[in-house]
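Worksheet: the structure to be examined is printed underneath.
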Amino acid sequence: MLENMNEKCAVVGIFGHEEASKLAYFSLHSLQHRGQEAAGISASDGKKLRTIKDRGLVTQVFDQNKLSTLSGRSAVGHTRYSTAGDDSILDAQPVFARYDLGEMAIVHNGNLTNAKEVRDALIKKGAIFQTFMDTENLIHLIAKSEKEKLLDRIIDAVQRIEGAFSLVFLSRTKMFAMRDRFGFRPLSLGRLQNGGYVVASETCAFDLIGAEFIRDVEPGELLVFEEEKAPQSIKIYEPQPKRCIFEYVYFARPDSNIFGQSVYETRKNMGAELARSKPVEADMVIPVPDGGVPAAIGYAQESGIPYEMGIMRNHYVGRTFIEPTQEMRDLKVKMKLSPMVDIIKGKRLIVVDDSIVRGTTSRRIVRMLKEAGAAEVHMRISSPPTTDPCFYGVDTPNKEKLIAANMSVDEICEYIEADSLAYLSEEALLRSVNAVDESYCTACFTGKYIV
Amino acid sequence: MLENMNEKCAVVGIFGHEEASKLAYFSLHSLQHRGQEAAGISASDGKKLRTIKDRGLVTQVFDQNKLSTLSGRSAVGHTRYSTAGDDSILDAQPVFARYDLGEMAIVHNGNLTNAKEVRDALIKKGAIFQTFMDTENLIHLIAKSEKEKLLDRIIDAVQRIEGAFSLVFLSRTKMFAMRDRFGFRPLSLGRLQNGGYVVASETCAFDLIGAEFIRDVEPGELLVFEEEKAPQSIKIYEPQPKRCIFEYVYFARPDSNIFGQSVYETRKNMGAELARSKPVEADMVIPVPDGGVPAAIGYAQESGIPYEMGIMRNHYVGRTFIEPTQEMRDLKVKMKLSPMVDIIKGKRLIVVDDSIVRGTTSRRIVRMLKEAGAAEVHMRISSPPTTDPCFYGVDTPNKEKLIAANMSVDEICEYIEADSLAYLSEEALLRSVNAVDESYCTACFTGKYIV
Amino acid sequence: MLENMNEKCAVVGIFGHEEASKLAYFSLHSLQHRGQEAAGISASDGKKLRTIKDRGLVTQVFDQNKLSTLSGRSAVGHTRYSTAGDDSILDAQPVFARYDLGEMAIVHNGNLTNAKEVRDALIKKGAIFQTFMDTENLIHLIAKSEKEKLLDRIIDAVQRIEGAFSLVFLSRTKMFAMRDRFGFRPLSLGRLQNGGYVVASETCAFDLIGAEFIRDVEPGELLVFEEEKAPQSIKIYEPQPKRCIFEYVYFARPDSNIFGQSVYETRKNMGAELARSKPVEADMVIPVPDGGVPAAIGYAQESGIPYEMGIMRNHYVGRTFIEPTQEMRDLKVKMKLSPMVDIIKGKRLIVVDDSIVRGTTSRRIVRMLKEAGAAEVHMRISSPPTTDPCFYGVDTPNKEKLIAANMSVDEICEYIEADSLAYLSEEALLRSVNAVDESYCTACFTGKYIV
Amino acid sequence: MLENMNEKCAVVGIFGHEEASKLAYFSLHSLQHRGQEAAGISASDGKKLRTIKDRGLVTQVFDQNKLSTLSGRSAVGHTRYSTAGDDSILDAQPVFARYDLGEMAIVHNGNLTNAKEVRDALIKKGAIFQTFMDTENLIHLIAKSEKEKLLDRIIDAVQRIEGAFSLVFLSRTKMFAMRDRFGFRPLSLGRLQNGGYVVASETCAFDLIGAEFIRDVEPGELLVFEEEKAPQSIKIYEPQPKRCIFEYVYFARPDSNIFGQSVYETRKNMGAELARSKPVEADMVIPVPDGGVPAAIGYAQESGIPYEMGIMRNHYVGRTFIEPTQEMRDLKVKMKLSPMVDIIKGKRLIVVDDSIVRGTTSRRIVRMLKEAGAAEVHMRISSPPTTDPCFYGVDTPNKEKLIAANMSVDEICEYIEADSLAYLSEEALLRSVNAVDESYCTACFTGKYIV
């Protein structure tokens, strides 16, 4: 029920398939949970790149006609999340450009931490910026690189940028996929049934199009795709893995396998760790749907306390512009979630959720459960307190709005009106993801940013 | 995952509240799962009835402007399911008419078994029918009744109709709610916080608007609502309860309480009965979401086999008009449901679903799970084989299309490519719902229709 | 530029053509100026009637799919004008009903003056009314007639109604077309190229579909269409022609031929009469587009004063919800009409319009022209002062809102800020239409209604 | 009835008004005839530029909410025509960019003849191009200019481009308006009632917003707008006027005053010249609406042959996807234009149109008139044969598709099935526009392009 933090995007690349743009379309559909604001695909037929992008869900942006104009054996695609109020279609991806070596299209998931410096330097040299996307930096760097070959220019360019980036580049005849040295955001490689290749933010995209998972693109690795060749791997950087642990906590789809393990299993681990470390006597374990489901199953299995569906998610939410009446408390959350009154009445509940960002939604949920007759509500959060904003591609509120940055756990517990509240510790979270060394970025819980 | 049987409608009535149409709107929103094709509300301000109805979801049909024209302290509302291809807006409800006593609006959930005879008799006497709804019969019967008072006419009219009906009538100053003597379809009575009343198909409508559940409207009971009075109960018929058991199996929302008990608890009972009667050795119990979730939880608790989320439901389905490529098998089901590959690979699965209608979806699901690596797939259905169509308000395919009407359980098992298949027995189902005597209609499993 | 009076509808019937509904569709498109609110078509394939109707223009309501479901060799169609705020789709036509002789669909242009009495009588006998259309009366009268044959029932029914009606009835195998004895509203008969027939409100519908005009349906005449037969004519009433003279003044399309003569020629006659009877010295004659164009041409030809395009109509009007700034006077009219500043500056203008209803638009136009520099503005209206509402099928404002019912011509002239104002006299108008005896209804100018 | 040549855009700039974006909105509405594909506005509040642009008409792109975000005292706006099939929203204007001096937005009407060379040179130096608009060149040239001040850079930049351009630039605090030395496309300067300024493609934009025409921006002139100052005029080039004569023939709105004279008067002159030089005996002069109206009035006045409305334009055209039946000839033109059968039957017609591009529409019109009974059809075209494509901002078909490039006048006459055909001569056209020296571009008639 995380409402205030959002993954910014998904990327996909298809290489070596007659229906490349169609496969990109279906892959993006599987990745729709990573961005619902805009969608786009660029395809190359070897001579020319064509791009279609617009506001809306993948199924809204594309129809058979549009897709058929995106002919060719390679394609890159993107879905985008947008911060409220910013509905500029101009900031949709792929970013397309003509430059001295021809044409290119880029899709990008992540956030560049030195975007401003790079941009200012470029602007000082006469460059113009027509969008507000970091990705535009990259295009300029490639276009302005003094290297001759595109591959060398890409290497040149990515060495100038810092931060989080899972990127796919498309030229007329080649495709390139790259992850930053820290591997913040996921990017996986798969094989199409006809022998072509796919790269995508999550493996759930592979299943729909019948592709087989090969491996993750490695942190710091650049993959080069050319017709009639196996993908060529170039190690641009020594990997210093700092994978985004929040992908496991919330963003990724539970049926994906990212950073080498199952998202669902990992979430169940978190729940089990939570059960071991933050036990409480209760009658049932219930998830806040859908985010809390896997951890709640893990908690229930570990604790032996029955798993129940205590809150129902309504799938016909829609937008209403009708003002509630006086009698309707917490309308907004109740239109989306309903308490299972008969189940929870008089019961002691362990309510499992993935995180608490601003606290307002959690408070509404606790109130709703209490009004429905719950005897006790014990909130268990399958991640540590979210205390710090993300600079690596996640849209987070300002620090002032992060409740855990401003209140102690006890104060939060009081604020959300729960009978008890416990978070998973950082150590337990790292155990859940089988972390070795310091291979995960936990900055949103610790404030320890990579310099 | 029941795709081929559909509840036909939901009804709601609000009496004695300044914002009656607004409460009807939010109630209908909670009942949206019972019909997504059209929605409508009629409201009375004591002098005049006003009706707005149109194709679409409740949130699409109404906006602030429209709702504000529906002024008055009483309102009735309806959502409708429509059979494919029939998109006539004319068959939306409420049905409104002017007649010799003034104006009335009726909403109806159910199906009249003698509709044709009644209509033919009315037509013979010069009546005209402008819609294809059974409900039009009722309006004629009331208008043509020789009784003087509306109440007497309604009694007159409902005695002429047979079959399933949960009805709410609105006149300028009164509201009437009625269930047929068998009580096929649910209808509950609640109290608004300001002292007014609500009747609705399911109690989940009460929670959102802050109403309190009083009791079910009884089979054969007519409730009369007048300003400044408590609802008056009139027993039109001796109750002969034959409640639709499929409301428990599939239609009703799990957070509703219908026919006197919790839908969720009842589904869990079905799962537990299934575990006891149709056990099988396996590694995990997984539901077909969302319908199979409560029964799967019940099965897992009873059997001690772990409950897992083995299939994920994708909430961004939308409609696609893009043809799949050759590599994409079973695209339609896969866009909606995805297998949790890492969880189910090599595992023996008990897959719990609420019912099998035509068998095609079940086959797609089994195939999908096997392709994802499941070692064994044991289908467990929380209801008996669906062998007969419904004539009491559920949209069912013809008998020829009901797989269980044409194949044995073994044949179905082979058809859907499962390793084993077992249904809940009729007796066990009746135990699950705590049925006394023959108080439930099980015609869709037994062909035993009320004469 | 008549904005406050509106023709209520157009009707069309096609008989004996494989693509009857398609011809109805294109005919309705030609009649779109008579109603833009809703459109509908019913077609019969000899066994069953099918109806599609909805809000919107003809091209919006129908697509290839919908039209293809309306199969059969006969069809009736309707476009409707709706008074502001009343957007009930339920009041769209054709009206369809099942009754004791089978099925029928009716389309109606006009207004029944005894509708209330008939309806009250029907309601007293137990009939119900589900719409607010007069047309529903007719269906009841036919259904309740004690005659055996449909033809006799129709005769029975039309003898019970009074007022204005141009009607087309469709049964499974026949079509009937009828005009009231006064022939208020037009209805013409044409022959399709394949030998089938068409009836339509105006002959402009014939041209598009390649039909040939035969003659008008006569006042009081009922035409019966059967396969393999020529249309049979039945004189129900002795004709007492009282044709709506406003059809000539404003409603009908200038390329139509109604009531036996060209609409365009007739309007030119009005302009010529106006020039002869209400001359004024001026530099140019300009029309208020588009309504005033033919009369202005007639005025100019007769007077010898040059015809000029002094006001331009903007075709990209659309709806704007943006409030004008302080500087923008008379925004509403100016977005639709612009003065030709260079032409009219310093000039004495004769401005020809078809009528003045409330006076506000005329005032805005005069002001606009004066602000643009016109030296003098002489309004010439090609009809007499509109003093009385219409009860025969035209939507007119209440008498209090008709400026000519409340002010003298001099007062109106002052109100609209013109230098002079003159209307066409009733006599001159009747001359323009070549009226014989009292064959035209002029009630909106004289208040002399047919009893 | 010109269907195959289209003006590419309109531009507008507002400076010094609290509601600058609102005035830009209404101005664009008046200029909608110059481009219906997309619309956009950028506004500056002195600190920041904000841009909204999208596909659609001005009234569709903007609502009150969007307009209110475009705060500030200066704004530039654009409407765009798009060639069929190219629906890329990316090529909408204003073009916005951040660069070393801050932010700018540019709107452009015209076409740069050296766009490719400039772009290739820029790309060679590392620039990237993200759109397919010439305008992007300008942004780069300004950004890369080595001058310090924006004014100097603009001067620098416009000296590097060739071809047709009427431009408006917006920076945070200033606005600049510029016409190329030839003054191909119009651009006029007006004064707002509050003392601010407006520049717009046509003066019809001034009337709606209550602005007063001052004068044209001169060919080669750059106007600089700053708060608290009168606009400063800088002569960048010696004017070599080559105004687009087709603006008079077809593009501009008849109520505009461009290049120093009234468009309507000029078109009447063309008609009068045509009457003098290409007389023919006939019964009436009729225009092809709406384009041919002014010239037909001129022709009729000069020749003394009566002006009639012989063809009616249908305003409810819409798009239909229904295939015509066999009987419907020339459906496409007939849905838009209808012959006034009663007027033209047996008559000799002079039909005045502004131009013939491909000939297909003219042929359909002639056929339609003949089928309607015209005895003779004499086409008179108020411009010379269109033999050559335009490179200065008009979208023209390829030379192969221009009928006059491939056939003699006699052949065209035969092709369009007219009884006679005559064009206005180049000399007569130049007389009509009161051309002095060689101040007009007539390349589309002569192939004489400016080098």
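Letters A, B, C and D name the chains as they come in the text, with residue numbers starting at 1 for each one.
In the analysis below, contacts are C-beta pairs under 8 Å (C-beta built on N, C-alpha and C of every residue); 3 or more make two chains touch, one makes a residue touch a chain.
Just so we're clear, the structure is a prediction, and the values are computed from it rather than from any experiment.
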For subunit C, the least number of touch steps when starting out from subunit A: 2
Taking each chain's centre as the mean of its C-alpha atoms, which one ends up farthest from the centre of subunit A? C
For subunit B paired with subunit D, centre-to-centre distance based on mean C-alpha positions, whole Å: 60
Distance between subunit A and subunit D based on Cα centroids, please, to the nearest Å. 47
Centroid spacing, where centroids are CA-atom means, of subunit C and subunit D in whole angstrom: 37
Residues in subunit A with touches to at least two other chains are numbered none
Touching chain combinations (by label order): A-B, A-D, B-C, C-D
Interface with subunit A, subunit B side, in the complex: residues 19, 22-23, 25-26, 29-30, 32-33, 36, 57-60, 62-64, 67, 192-194, 204, 207-211, 253-255, 257, 261-262, 264-265, 290, 293-294, 297, 300-301, 306-309, 312, 314-316, 318-325, 327-329, 331, 334-335, 338-343, 372
Subunit A residues within the subunit D interface of the complex: 54, 88-90, 95-100, 123-124, 126-131, 139-140, 143-144
